[in-house]
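Next come the structures, one after another.
In the two assemblies presented below, subunit A is common to both, partnered first by subunit B and then by subunit C.
Presenting the complex of A and B:
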């Protein structure tokens, strides 16, 4: 296990290095410069800015200096937000995105798994159909439609929750639902189809014929086998939810990290592009690592880190 | 088997407990932190209260990129800066300069119009109690010009003697024409006569900064705790991407004129959400949502006000067939601007038949636009102009013509409508081409286009900010227009302080620009806003700047 963890750590560092290098090259390869605006600034001022941010140095020098600073935990300044460094941006916006993401993840897991399990156990009944209609709606209604609808009914009409912005727990409810809905639907559908598959297996029939009560059959033998694919998608899914999403943050005016992923590219804000990409990669890689460990815990047939049996 | 199922149970339990604990924490801490935060359902009761809370809720839409006057460049930052800082003058509700309206009590101007001596008020203080001194101004202005500061808006200070030279490293700070003669006297020397210089001193880049505070900490402007201003309000909270809060500054010299206790700027950038907040009284003033603009103006709920800016198509005068002036005139004439504004945009914009927008010359006695009238030939003449131009070029068939714009649904709609008009009124098929914004700027800058979309917002309130961009070789001269006669009018206007001479030269310049039709004006920008009826005393200047200094709630 220890060897497995250390191997994965080395992989993480190598992967991050590759991501940084590729991002660095790609972002300098796309045309457009960070300081251009509709009104062109005098050449002198642009020169001063370029010098100020060290962009006048050759690219390899910039690259090495960036890596050096990164190792010291300094992700650089932001070109477009003069009063925040990239570290500031990550520090102040990640907790918001992470909290929203965790709540959304909780909603999607709880309701997604429940819906999927119930639907499969009540296969081809009204319960099943209702659950699956819900799931299809969840998959097919995009955030950009769902979020304003939630605001319209639950905030503007019924006044149950604030319309938007960030502050109290009440502020987090609607965005968490909007953010978790799609994932919930995906999990519900996945869980249902896996459950149905497992329920049709011989060993379930054996278990039933042995006289095990149905709770034992479902809990011990079906769910545990059916949940594996859900665990697999949990890695990328939670990384995506935890690091912030542009649309939900825009609609609910939430100070999360999501918009920086998009705006930094539009603004050619190089340090922010790199910073957010590194952060996202690190979260994604870590999540996949946890998923690998979870495999071993849930299914004893999978021995993490042991290549020979 | 048993062991694994225990693990699963445990994991689920952990997830459950964590989430519940998490949610609980959130609720608890927020209740403690913000007891005053009202839930939407409380709002109607708030209104019934006899004494109206003087708390104005605004929407900045986005995070202000900088609240340091030295590095701020955008409308969002300047709107907030306007109430937490104050320059030598503060424009009044008619956008006029009056002595004593800002930090300066009065001033003397030398005969040649090059030297301004400002006398500061005696009782002016910073929000931390320090007196505002002439040294603060000198320090602030030189700081903007300092190449080390790398301020985008350093060029707003190029009016000062040796300003540009210092900014480009060819002169020292001591050479710059701003000097504190004593604590309360500031002497400013200009590079050339600038009749609108007093207007400029009200502009954000010309605000002072507290020398002691800035020298003590370079990051002073990044945090409400360290921020020191001299305006009617003081910055009390700044949660990035979330909210800026300012409260009445008891150290402000004219605090009796300030009626609001508190202003907050939310950062809600989604049209639908901000409109719902406005309807729910969570916002007092906001920009009208795009989709509903037309409807809201018709219903009288939204107000459209012109701002100093225009939207135009530029012709590349170095690329066939737009090397020919008649062909440019034909393409400009064939655009039905009324239709673009009323059927495509529907946002209260004003069709443009000239370049300089209305309201650009408040201190010249007459409005340049009104003097000039419409300068674009009638649509009915378009076809004849095209034929004349083609005959001059000696061609019987036009080459493929492409109109470029930066990728956006709005620009696309306009381009498609105008494409149709060219087809109908000129019989010409024009292709459309779009590029992502920053790439587009590069393409336009290198002149790799035939026709392209551009827009311009005035840097200051004077026609010159619209006209001097088209001098030969000018940085924003996208049409690559080169006309010695035009350059002559511009330098003539720039060399004098006599408003009559300036007006005459600028009138001639615009007439020539539109006769040569280097650009095809399309419409003048307007800002469409929503404002609750109980909000009074909001001052909106001609250039779109809003001042909440004297605002109150009834």
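Presenting the complex of A and C:
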């Protein structure tokens, strides 16, 4: 187990390095520079700025110095918001995105799993059909449509929640729902089909032949075997939710990280592009890492790490 | 003789499908006495497994329907029991083992827990007692190192061992009846013999009645005292082992016995029964075997043959038993030790 974890950590670092290198090269391949948007800027000032941030050095030198700083935990200054470093941006905005993501994840897991399980147990009944219509709607309605609808009904008309902004718990409800809806629908559909498959297995018949009641059959024998594929997609899914989505943050005026991620690309704000990309990749890779460990805990056939003999 | 444990009478079970009503069982009547092993034989689709699962009430309803008949087990009519009441019969008074041990065990649960479940449910044991008993059961079914093995998962067991574990599960609560639905079909021949020996051994040790479902007549001869031959959802002949093997009366039974490969028939073509069983969506009016029967007569098309008693326990449904039926053309003896033509 320990060896597995250390191997995975090394892999994580290698993957991150590849991500950094690729992003670094690609972002410098985009035409334009960080200061071309700031209107007519005297050539001397621009030159000074470029010199100040070291952008006049050859790319390999910049690359090595960036890597060196990164190893010391310094992701560099932001070119566009001159008072903040990239570290500041991540530190102040990640908690917001993460909270939104966690709540959305909680909603999507709770409702997605229950919807899927109930639909499978009431297979081919009105309950099943209703749940699946909901799930198809959830998968097909994009955030950009769902979020304004939620705002219109629950905020503007019913006044249950604030329309936008960030602050109290009430502020988080609508964006969490809007963000979690898609994941919930995906989980519900996946869980339902897995449940149906497992319910048709021979070992379920064995469990029934032991005289177990239907709750025991479903709880002990079905769900545990049906949940594996859900866990597989949970890695990338939760990474996506935790890092927030640009659209939701924009619609609800939430100060999350997503906004900076998108703006930094249009601004050619190199350190912010690199910093946010590294952060997103790190989250995604760690989520997959946790999923791998969870596999081993849930399915004994998957042996994580050393053979224990 | 001894007491009846299970009495199945005129059992009719259908499946309602999009294509229509599939009449899987069309009036099945047989008994199992205490401590007795009976075998149900027949080709695929003849209703063997449906019979077995009906006794356990494991037929999913819908699409299955119990149309008629009674299944009385130990004085209780199972068809009238609710699902809740049935749960205390399953695993406790009737145990069941299935065809494919590779898929019949839950892959994410230890063998010990899978055996324990029934014990905790039916015998009110706590986890520790149940585990203790699971270890005993594993050693009873001949698994070495049971203390280690209870903690393992099915994927750490070989096919034969999994079937042994299945038997341990089925017998853990000391049931009065064990239903074995093709227990050896998915196993190697050498393992088959071991499993059959084990079942035989346990039957005498625990005095359990057995319903063995199989299409392997070799297995039947090894284990069963009585044989029920099914065809197209009906029992066409039943009797003691010797009745069926040495004095079979139904042309279908003759065909089955002839189609067993024999050690002493080198270089001969293996006999088979031509044709396929009838479609149970629309079963024939007369004898179901008529289209494939080399001895068919006109009466067979229109009228289903009545039961004829050859001896008190040997019953057959065939018009050839009628006093007016031609007797001379029949093969003298088929099956058993000799081929009909040799005698």
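Throughout what follows, the second predicted complex is superposed on the first by the 302 of 309 C-alpha atoms of A that agree within 3 Å, B and C clash if a C-alpha of one lies under 4 Å from a C-alpha of the other, contacts with A are read in each partner's own complex, and residues count from 1 in each chain.
By definition in this document, contacts are C-beta pairs under 8 Å (C-beta built on N, C-alpha and C of every residue); 3 or more make two chains touch, one makes a residue touch a chain.
Computed from a prediction, not measured in an experiment: that's the story for all the values here.
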{"item": "Which of subunit B and subunit C A:208 touches, first, second, both or neither", "value": "second"}
{"item": "Subunit A residues touched - subunit C or subunit B, whichever exceeds", "value": "B"}
{"item": "Touched partner set for A:164, first subunit B, second subunit C, both or neither", "value": "first"}
{"item": "Contacts of A:225 with subunit B and subunit C, given as first, second, both or neither", "value": "second"}
{"item": "Which superposed partner A:156 touches (first subunit B, second subunit C, both, neither)", "value": "first"}
{"item": "First (subunit B), second (subunit C), both or neither touched by A:298", "value": "both"}
{"item": "Which superposed partner A:45 touches (first subunit B, second subunit C, both, neither)", "value": "first"}
{"item": "Which superposed partner A:266 touches (first subunit B, second subunit C, both, neither)", "value": "first"}
{"item": "Subunit A residues contacted in one complex by subunit B, in the other by subunit C", "value": "220, 224, 298-300"}
{"item": "Subunit B residues within the subunit A interface of the complex", "value": "1, 3-5, 7-8, 11, 15, 18-19, 22-23, 26-27, 30-31, 34, 37, 39-41, 63, 65-68, 71-72, 147-152, 154-155, 158, 164, 167-168, 219, 221-222, 239-243, 266-270, 272-274, 276-277, 279-280, 282, 436-439, 441-442, 445, 454-457, 459, 475-476"}
{"item": "Residue ranges of subunit C in contact with subunit A within the complex", "value": "56, 58, 84, 86-92, 95-96, 98, 100, 103-110, 114, 117-118, 121-122, 153, 155, 166, 169-170"}
{"item": "Touch list for subunit A against partner subunit C, complex", "value": "201-203, 205-213, 216, 220-221, 224-225, 298-301"}
{"item": "Subunit A residues touching subunit B - in the complex, by the definition given at the top", "value": "30-33, 35-45, 47-49, 51-53, 80-84, 88-89, 92-93, 99, 102-103, 106, 109, 148, 151-152, 155-156, 159, 162-170, 172, 219-220, 223-224, 227, 250-253, 255-256, 259, 266-268, 294, 297-300"}
